[in-house]
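Shared chain: chain A. Partners: chain B in the first complex, chain C in the second.
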Partner chain A sequence: MHKYVIKRLLMLIPVILGITFILYSIMTLTPGDPVRMILGDGATDEAVEQMREELGLNKGFFEGYVDYLKDAAHGDFGKSYRTREPVFNEVFARFPNTLKLASSAIAISIILGVLVGIIQAVHQYSILDNIISGITLICTSIPDFWFGLILIIIFCVNLKLLPASGSDHWYNYVLPAITASMGYTAGTIRLTRSSMLEVIRSDYIRTARAKGTDERTITYRHALKNALLPVVTLIGINLGWQLGGTIIVEQIFAIPGIGTLMIGAVRSKDIPLLMASVTFVAVLSSLINLGTDILYAYIDPRIKAEYSK
Partner chain B sequence: MKKRFLSVLGMAMSAVMLFSACGGSGTSSNTGGSTSEPTNKAVVTTSGGGAEATGTTDKDTLVFVMNAEPTSMEPGATSTGDSYPRMTNIQIYETLLRQKMGDKTTLEPLLCDSYEFSEDGLHINFAIKQGVKFHNGDEMTVDDVAYSINKALAMPNVQELADMIEDAEVIDDTHVQVNLKYAYSPVLNILVNPAFSIISQKYYEQCQADGTNFGRNPMGTGAYKFVSWQNGANIKLAANENWHKGDVAIKNVEFRFMADATTAAIALESGDSDIFYGVDSADLPRLRENPDINVLSVQSAGFYFIALNTDGPNEALKNDKVRKAINMAVNRQEIIDGGQDGVGWVTECPITPGIFGYQEDFHADPYDVEAAKALLAEAGYPDGLTIQMKTPESSYYSRPAQVIQEELRQIGITVDLQVMERGAFNTDVGNRDYESIYFWIGSSFPDADNIVYKLFHSQFAHSGLATNMACINSPEADELVEKGRQELDPDARMEIYKQLSELNNENAWYIPILTSTNTLCARNYVNNAYGDSAAYYYIADWSFNRE
Partner chain C sequence: MSDFNTTAVVDAIPVHKYKKKSQAYVIWRRFKRNRMAMIGLVLFTIMLIVAITAPLYIDYDKDVITQTISMRYQGPSLAHPFGTDHFGRDIMSRVLWGARISMFVGVGVVAISLFIGSILGASAGYFGGVYDNVIMRIMDIVLAIPGTMLAITIVAALGGGIANLLLALGIEQVPKMTRIVRSSVLTLKRQDYIEAAKACGTGNVRIIFKHILPNAIGPILVQATLTVARTIISIAGLSFIGLGVLPPAPEWGAMISEAKTQLMNYPYLVYAPGIAIVLTVTSLTLIGDGLRDALDPKLKN
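On to the complex of A and B.
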């Protein structure tokens, strides 16, 4: 198990190298000059040259990348071109907001998703099952930005119950979390349902029924445990996605998270800021995946046995 | 087991309901009865204000939403034309002079008592206002004033705007003299730019010494003190109790950043915010109908145009008949209606309405498809031709450009429209790597020279900057532009700019299309809120309607 974890952690190194290199290449080789974007249309050549020098943009392609890696190895990821603040100041200032949004959205999707999925599986082919299937289909199909705006119109403009923007209070996160969780909830419902149905038909459940075990115990103690395995994977993947910045939701509800930060960095060609934020998110996603895998081992003894081989 | 699940669900449900119930406490506004029509001559159109206004009794924070965040609040550290740091900076810092409420052509003293030009126009002597204190309690001195101006002049962003200013020097305990390299009549307008804000030399140097980022911890003499800056979310300010001009009516200001214009408009409608800068033209009709909201639109300090590269890869554009044909094929009102939701002013001369030098009675060649076709045939292109046109990705450019594309198709010109990412577009413009562009130019101060010098003078034809984008090399244009710069008599200058507008129309180097609007939307309990073409919104001028 330890060996496995260490192996997985070491695999992060090529991931980071790959991501930074691809990003660096895209950002430096595509047309567009960050200095001109900072200084505006009318800046003089001397001013542009002066700033290029200041930002270290006069280096060659590989020299620039190698220098970046060297500095990064010493913990210096550079300063944002635009704000001149160390990039991780910005990333860490934004991350808690994304974390709040992502975790509440995931919490909603787990609670609602698993519960409704079980109800659906237990009542397979009932009217309820069909209605919920229809609703989940709609939920996966509705685009976030539309649903978010509709929620704003209902709850902020008409009912005046919740504010449309901001990130200072917990109630600022209600609508964004619902919006962000919608698609994931629907996915979790569908997966829970199908995985439950599969398990319910298996031999050991039939055995449990045969020996007269009460139906509730069968559903929640025997079936659910096994049925949850693929759901755990899905939740892990979802969490990775959400932490990567629920970009659209953050934009609509004006939440200063990682997503809006990355969009801003791309727009202004703020290379150090973009590289830091994307690398941060990538490492985080890898770690969450690793965490999911480890969790797997605890839920499923068969997998734990695999690791120890 | 099921019980446990149900209780979890119950908790979740009640939590959600609790969320919704408490949410309302985020805003507070009471209804009153009186009307407050903004009275300002710079306001071109207002709407909604005629209806019953809403008063507010317990409100002391103004929530000012804007659609982008400043990158730094250090004077001169950002582009001098950037309106986002301008809106925050002019509350915190002050300049020697300021624009009168929403009236960009009238300047009034702010940190000076008076000023005097020398006879040759090369020196301006400012009598500095005494007894002004910085937010930290230190008194502002003449040294601070000279230091701030000289510091600004050394900033890369400021050099282009202020290349006629040599330096500032201290004359005595109460006077600072600004020296010019050459006489330039609109120079005072340049000193109003927030880049020339007066800062405390001591505080700035102290920040440098201990590694504090001054741009994130600003301090000046202005009506509002800096409180906090939450990245990506908001900047908070509080009233300066020791302000040299007395008390301000609005005690706290929160600048809130909302990238999504539609949500921001909704936030204004729901009363979440009080002021919104950056409205999308699609949301305007709805806001105009709302009786609680004043839509304050003024002409912006710049205009959209087509520039035809006369020294580029397309030989046809070197032919003035082709260019004139294009000039006659554009229907400006149609472009405004189709590409800008009807928001904007038809612009025919290469000088924006509302700034000195604008020719009210000037008309470009009228829209005439047949005449344009005939001109094209005469030029040797009876079967039409293809022209590449580049434009930045924002819908402010791409949508009107699509209308232009369609209009030119009517005379047989196929426009190969390339909508580009902004950075890449800027690079291509710098290299003059285009056949034509649909773009925008703005003036930093309300004088024609600021635009036409850059647009028409041959020295800027291949400057690497967004100047002379038609690559004009015309001794006639050079002469007119230079005369306009040096001439001091306003009537003579007007005549010069009239000739220049005519010269441009004859040659169709630039085809001015439209002047956009600068719109501020305000809840109608904000008294005195005004529109301003360059976003000089001094919040100290405003108040809440308390009735």
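On to the complex of A and C.
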């Protein structure tokens, strides 16, 4: 197990190198000069040259990248071109908003997803099952930004119940969290349903029935425990995706999170800020996935035995 | 006497039962029995026909992009079933034309990612070893970057427009295609007929493209269908944040983005393009799920 965890942690090194290199190449090799963007079109050539020097942009392609890595290895990830603050100050200032949004969205998808999935599996082929299947199918096909706007029309414009933007109070997060959770909830429902159906057919459930155990105990005590195993993995993957995937939802509801930060960085060619925010999210979601796998080993002894081989 | 009997028995069995049915026909028959999949197929075919024939009854310059300020914000009526937008353009014409853009980019992205993914995945799976390891680790790295972020970065760096959108979303999808093709090749390459082809001295490239890939088409087709569906949502999402198809082209996401500013006064602007996306994506998902079930009936619960 330890060996496995260490191996997975070591895998993060090439991932970080790869991501930074891909982003660095995209940003430096494409047209558009960050210095001109900061200074505007009227800037003199001397001023541009001076700023290039300041930002370390006058180096060659590989030299610039190697220098970035050297500094990063010493914990210096560079300063934002615009604010001149160390990049991680900004990343950490924005991150709590994204975390709040992502975790509340995931919480909704777990509670709603597992509950509805169980109900569907218990009543397989009933009208209720078919209706819910139809709804989940459509939910996976609705673009989140459109769904968000529809929610705004209903709850902000017509009912005037909730605010359409802002990030200061808990109720600012209600609509964004519902919007961000929709697709994931539908996925959790589908997986819980099919995994429950598979488990319900297994021999030990038949044994429990033969013993005369009542259906409720069978569903919630016997079947659910095993049926939730794949769901745990899905939730881990979802949380990882959510952290990087709330970009568009943040845009709709004007939440100052990592996504908004990243889009700003891309638009103004703020290379250090972009590399820091994307790498941060990617590493975090890799760590969450690793955490899920470890958790998985603890709840399923069969998997643990597999790792220690 | 016994001779006579045998002949009679053989004659009694209708000859056509021995005719070998092609695999595609068997799969199509299973697909046809799936009601939801057929609904998806019919829906998608209708939309495809609409998209292809749109130029016959819609004039792009006159109906789709010409601004008539006097006609702005007309609610739904007979002349304009979905109303008109902030430039007085007919929303129905724009939504119908938008199907052309979304489907073209959706299919284009799959074609690009499938082309690159097939070459990388098939060669990685077939040759194995260090080459396989290097390719797959690179794919792991690309997969570790959140998909939307990668696409946004590429489009923002290269600028908007359909060509860059194709490239950005195509690159985003390459790792998934590579994995699917590779896993199919891994199972196929150990089969006897590949061994036989090798024994005949067939070259590696020919074995991959003539003998392995045609047999791996099933899972690839399922993935391709579902990818077109996901891509249509991604295109709309990128256009929504202003990083996709450039105005005045009537892309669905861009239309929703324009409608967003008038949410308080003219909410009807948002509905039509959104419903168009949902219908297209749902129909493709139904086809993809139906194909998967038809290809491997065991998987169906």
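As a working rule, the second predicted complex is superposed on the first by the 308 of 309 C-alpha atoms of A that agree within 3 Å, B and C clash if a C-alpha of one lies under 4 Å from a C-alpha of the other, contacts with A are read in each partner's own complex, and residues count from 1 in each chain.
Operating definition for what follows: contacts are C-beta pairs under 8 Å (C-beta built on N, C-alpha and C of every residue); 3 or more make two chains touch, one makes a residue touch a chain.
Keep in mind that this is a model prediction, so the values were computed, not measured.
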Problem set entry | Partner chain in contact with A:267 - chain B first, chain C second, else both or neither | both
Exercise. Touching A:197 in the superposition: chain B (first), chain C (second), both, neither?
Worked result: second
Exercise. Should A:150 be classified as contacting the first partner (chain B), the second (chain C), both, or neither?
Worked result: second
Exercise. In the superposed arrangement, which partner chain does A:22 touch: chain B (first), chain C (second), both, or neither?
Worked result: second
Problem set entry | Touched partner set for A:251, first chain B, second chain C, both or neither | both
Seminar exercise, completed: Larger residue footprint on chain A, choosing between chain B and chain C, goes to B
Exercise. Is A:30 contacted by the first partner chain B, the second partner chain C, both or neither?
Worked result: both
Exercise. Counting only touches as set out at the top, which of chain B and chain C does A:45 meet: first, second, both, neither?
Worked result: first
For this session: For A:205, select first, second, both or neither according to whether it touches chain B, chain C, the two together, or no partner.
Result: neither
Exercise. Do chain B and chain C touch any of the same residues on chain A, and if so, which?
Worked result: 30-32, 149, 152-153, 157, 251-252, 263, 267
Seminar exercise, completed: Listed in rising order, the residues of chain B that touch chain A in the complex are 1-2, 5, 8-9, 12, 16, 19-24, 26-27, 65, 69, 71-72, 78-82, 156-157, 159-161, 213, 215-216, 230-233, 256-260, 262-264, 266-267, 269-273, 421-430, 441, 454, 463-467
Exercise. Touching chain A in the complex: which residues of chain C?
Worked result: 137-138, 140-142, 144-150, 152-154, 156-159, 229, 233, 236-237, 240-241, 253, 256, 259-260, 263-264, 267, 270, 273-274, 277-278, 281-282, 285-286, 301
Exercise. How about chain A: which of its residues touch chain C in the complex?
Worked result: 11, 14-15, 18-19, 22-23, 26-27, 30-32, 137-138, 140-146, 149-150, 152-153, 157, 194, 197-198, 241, 243-245, 247-248, 251-252, 262-263, 266-267, 274, 278, 281-282, 285-286
Problem set entry | chain B-touching residues of chain A, taken from the complex the two chains share | 30-34, 36-48, 50-51, 82-85, 90, 93-94, 97, 107-108, 111-112, 115, 118, 148-149, 152-153, 155-157, 160-172, 174, 216-217, 219-221, 251-257, 260-261, 263-264, 267, 269
